[in-house]
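What follows is subunit A paired twice: with subunit B in the first complex and subunit C in the second.
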Partner chain A sequence: MSASLRIARATGAVASLPARAIEPLMAGLQKAIGIKKMPWFFLLPNLLAVILFSLLPVFVNIFYSFTGSDRLYPSQRPFIGTYNYETLLDCGNYLDPSTCSRDLFWRALGNSLVFVPTQVAAMIGIALLTAICLNGNIRGRGFFRGVFFFPVMLSPVVVALTWQWILQRTGVLNGILTNLGFEPVNWLVYANSAFFWSVFVTVWAHMGFYTIILLAGLQAIPRDVYEAAKMDSASHWRAFTRITLPLLKPVLLVVFILAVIRSVQTFDELYVLTGGGPGSATLLMVQYIYEIGFAVQPRNFGLAAAASLLLGIVLLIFTLVQLRISRGSSNG
Partner chain B sequence: MKLSSLRLSCAFGVLMFASAPALAQEITVVCDDLGFGCNTIQPVADKFMEENPGKTVNLEIVPYQSMVESLPVQLASGEGPDAAIVTDLGGLSRYYLDLTPYVDPATFNENFEQTLQWLRGGDAESTAINGMPTSLTVNGGYVNLTLFEQAGVEVPPEGATWQEWAAATREVAEATGTEFAMEMDRSGHRFASLAISHGAELVSEDGKPVVDDGLRAAIEQFVEWHQDGTMPMDLWGAVGGATHRELFSDFLNANTVLYFGGSWTLSQMDQEVGDLFDWKVIPAPCGPSSCTVMPGGGALVAFQHTDQPELVGAFINYLAQPENLSQVLAAAVEIPAASTLIESGIEYPGASERTQEALATFIAQIPKMAPAAYRFQGWRYQRAMMNALTTRISQVLNGELDVDGALERIEQDVNLAIEAAEAQ
Partner chain C sequence: MANLVLENITKSFGLVEVIPSINLEITDGEFVVFVGPSGCGKSTLLRLIAGLEDASSGDIRIDGESVINVPAADRGVAMVFQSYALYPHMTVRENLSFGLENIRMPKGEIEQRVSKAAALLQIEQLLERRPKQLSGGQRQRVAIGRAITRDPKIFLFDEPLSNLDAELRVLMRVEITSLHQRLGNTMIYVTHDQIEAMTMADKIVVLRGGRIEQVGAPLELYNKPLNTFVAGFIGSPRMNFVQTKVVENSEAGITLSGEGLPNLTLPVQGLPLPAGAAATLGIRPEHLVPSADGWPLKVTLAEQHGASSYLHCMTPNGTPILVHEPGQSRLRSGDILHVSPAAGEWHLFDEEGLRVEPSGP
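For the complex of A and B:
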């Protein structure tokens, strides 16, 4: 027997010591609860974590949404039935927020319904374009990958403050424009431009993450498929639509789901950059929930909980649609 | 022998462990670092610890935004520091520890009569000493005198109206090419000065929100100033929700002729503007109803959950001694809330002559404040009203609401907030 084999056997024996020690315990447990219940035993640690950190908060949230007062402890909160939901849904005309009892909730919902598709489309489009460029044989490819990924590593507050510094009345962008002979623009004062910059800044901050995922997807496509297409004189556009897009579809779906979830969660950058303004032009759902529940006095935890559950229902419907599309795609 | 020494060691260890909480008397006080805050209290805290060996006062600096947003949530969950310097005086009253057994009640009542009431959350019958009012702050306007001089425009005298100030500063801005005539922090507290001087009550005697013609007139005037470019849209127009924002940098860079802030920025004004240009604090601009600004201030309060009430009480009592209080106030360049110090006056050795003059102007506004201003300051739901004011006025400026709609929403927002808070 060679020395290395002896060492390997000795190491194996040592490594299996703990396993041998608990074997009788496991055997006893299996005897007691039966083999069919054993998987539950192994799942127990993760299940406990999921129950404690995911399910329990959901139930607490549901409880809060049916209670009133600005007290935090559940025992101190009186049951008020569906009052919070009634207040949120009390609207003369759902398309006109000014007719709603909680107009800012509907303004935030409306803004989110415009912001999310716009931001996700821009994000995926630009990330895909960037990934395709970075997938080619360009000089300094590694450097550019780093450049595009860099904003992802920045804190959202840093991102927002940096862009505020660029976009404010006396900011860098207006400084450049003035030097070039143009009139300065108060970018964050007008609803449309503030909304545009909100989308732009969030795309800039997160695009690198999706670019990296798409780049990995692009690199997984076999080169010989492109070579065959080239031999058949297929144009770049045809190769993109007939090879790249279909083979990238599973990755694109993942990117789409991640981008939508992140977009709905958008809060910190815009809270610092625009505070939801001008007026309520960039007020999104999460900021509304935060302000109602935590930023204003007295804190209305019940209403914030009800608003977040309504948002949760919208997200659930959206996720089901995505799942359906995803299943259809994998079946096809 | 060995066994007995082991037993002795164990017994000693158990004794040490059991007596540890009794020996280590330690409290944490959180505050920000502006004016009467952790930085200016530190020397007094050091002196207190020196005179009271074994007692520790940890001062933790946190941003003002944390005091406003995070502290209330911590307190609601029964957590948080032993004490803090807060500005939402009435809103957090339910968490305050009554310091009556730990301080000299007679001195406190005599010294802080009016401001102690603000800490009682509108409970007129309460006699609790819920903290020590640290300083009195006063809203007010700062003007750039150099720009006035360059423009050759007379500075409006005491008693000038808001409209006269707007006209004069516009003239100065036009003559000197300054971007804006006036700026006001995006804060419901600052706007309340304009509103109350225009006759707004904001809160009734029985603690109900009041939306009246005075408030309407103030909002209309405010909107007009934004539309004609007297005020920049950057502050009230560009930001949404209840976000607090100020553009002190505009005054520093001479981009505005008049900046409406408050007395708490005096030391910053002194340090950062210095001799860049000549400036002064102006008396409260007048409205049709009164020449008033808003009072305000902070208070050092202890919380009910503290397990060291005696130590917190002792520290607050120590800080309330005139010599200690005046030491902190002098360093902070702030107006005292204690009547004895107002009467005796405080010397601000580090402050420039201009700052001393500015302080005198601020102090001179205190007796002129309208009763509505004091009532609003002590109202438990003051923040609900201030948040509604900033949110809805910004919407008017952006065309999302008209003034009537804003007034309706302000009243509704505050009523909903009160209803939610008082749900039984």
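For the complex of A and C:
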């Protein structure tokens, strides 16, 4: 036997050692519980993680939303029925948050209802445009792909601090404006401009992710279909609306759902950038939940839990509608 | 109905010259096949005619008018792609009508053209289906239908049958040929399959390395190939080549020797090959006939096709020679077979591989 062959056999034997050690154990287990139950055994680690970190918190959340006081331990929390929900929904006029007993909840909800559609529309529009540009034959394509993806890798706090540095009264943007002869603007002090920059910064931070997904979708469309369209007298616009968009629809749908969920969850960037202000102009749902649950004394876990459940229900309805639409399109 | 002229067409991708220079004239109503091995530039040439690629220089004229600066859609040509390139999200009907909607043709006329094309190709019952729900052959028909609805002057086919199985390929070959007979349009067809070229073409253009090797009717190319490349490419199975040296070139004919074979005298006068010159003798498998004083060849494999047999043989020097025998051969591997070329059925090529013909009358 040659030396190399002997080494190969020896390493093979060592490599298969764990397998050989575990085999009798597995065989015994299979005999004990039956082959049909074996998949559950392999799923167990992941199932435990899901139960412990996803399902259990949901039930704890439901429990908290029906109990009161600022105590953390469930045994010390008195049952108060739907009081938390009644408090949240107690409103003189639903269109006027100041008539509600928890007016910030309604302001945050209103802000989210404007923020999410605006941000998602801007996000997908800009990401699609960027993806189309990057899909073309431009110089330095790889470089630009990297540039647009880069912000995605940054920590949200870094993103927020960077933009705060740009947007503050004595920031970079005002420095440039002053040099060009314009009056400096206190961007984050006015409600409308703060809201605009909230949308802008979050789009800037996450756009690269959606651009990459859309770019992959664009590249999956065969080139010869476009050539056939060219032979078929299709203008660029018609090729875009009649070929690109329909063929990109499944990818767009995924991007849309991800973007909406991400947008509803927006918290960290704005918490650092605007703190929800000025006033409550950029206060979104998740920040509201965080603040009444953990920041404001006394901590009102029950109310926060109720608010998060209401948000969860809204998201659930939205997801169901999405599923409906996506099934409809894949069938049609 | 149109004739097409390519004048000094060249095409380079960056520094790579794909087509050095091509001149070609295709007359109205002809079925022309571009044939050649992979990378010979045949598809590029077709895409240049279609307007999907821009020529580096030269001119393309359709019916006398230069179309070199005319966009693909306005050249009056329609293309059938190798992959069919059907719009996957549209029904067959929408696939056929998309091009007509783009030029804002009235609805009634679109419907009329679509149903006419569908009837011609017998795909009426498929009109509401999506490409995904069609078989390869049906997709092929839809792709051809899409070209027909545009009523082009010239049809361009880019290896349209290469994705079909062998049986369907034969069927579609016949269908495309009969379609050409019914429509009468000029058609240009690209393939690497010389059988498709032989069976379908009025005129074959053999390409290699972006150059035209020979243009002619199928049998012209078969009977009088201009060089060893065309001789080897056209005809199936391919022609046998034997490297020889001229021993004597006299009134009695030309005597060749080579490959450890006995000298062979061909009764032809006036060939411009002096004694001592190298020459390649080309003989098709079907033109090697048994003769007692012919070349002794050793059979290495006898392929029985039923109606005929192909004997894979070897010269004493080891050059493989294929011999066609009508009917079912009794020869087995290891047997010795004596053959010589049938009268007049041989081709001689000089050192450069160019055909040598007797000079003078």
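A few remarks follow.
FYI, the second predicted complex is superposed on the first by the 284 of 332 C-alpha atoms of A that agree within 3 Å, B and C clash if a C-alpha of one lies under 4 Å from a C-alpha of the other, contacts with A are read in each partner's own complex, and residues count from 1 in each chain.
Convention: a residue touches a chain if its C-beta (ideal position, glycine included) is under 8 Å from a C-beta of that chain, and two chains touch if they have at least 3 such contacts.
Keep in mind that this is a model prediction, so the values were computed, not measured.
With subunit A as the common reference, subunit B sits beside subunit C without any clash.
By the touch criterion defined above, A:279 reaches subunit B but does not reach subunit C. With both complexes superposed, B is the one of subunit B and subunit C in contact with more subunit A residues. By the touch criterion stated above, A:300 is placed in contact with subunit B alone, subunit C being left untouched. Of the two partner chains placed around the shared chain by superposition, subunit C is the only one that A:222 touches, whereas subunit B remains out of contact. When the two complexes are overlaid on their common chain A, residue A:291 makes contact with subunit B while staying clear of subunit C. Of the two partner chains placed around the shared chain by superposition, subunit C is the only one that A:246 touches, whereas subunit B remains out of contact. By the touch criterion stated above, A:72 is placed in contact with subunit B alone, subunit C being left untouched. Within the superposed three-chain model, A:233 lies in touch with subunit C and out of touch with subunit B [touch as defined at top]. The overlay of the two complexes leaves subunit B and subunit C separated by a minimum Cα distance of 49 Å.
Across the superposed pair, subunit B and subunit C touch subunit A at no common residue. Those residues of subunit C whose C-beta lies close enough to touch subunit A in the complex are 50-52, 71-74, 77-79, 81-83, 85-89, 98-99, 102-103, 146, 150.
By the touch criterion stated above, subunit A contacts subunit B in their complex at residues 67-73, 78, 80, 87, 98, 101, 103-104, 107, 168-170, 186, 188-189, 191, 194, 271, 274-283, 287, 291, 294-300, 302-303.
On subunit B, the positions that touch subunit A within their shared complex are 68-69, 72-73, 76-78, 88, 91, 232-234, 237-243, 245, 253, 255, 381, 383-384, 387, 391, 394-395, 397-401, 405, 409, 412, 416-418, 420-424. Looking at the complex, you find that subunit A touches subunit C at residues 222, 224-225, 227-235, 238, 242-243, 246-247.
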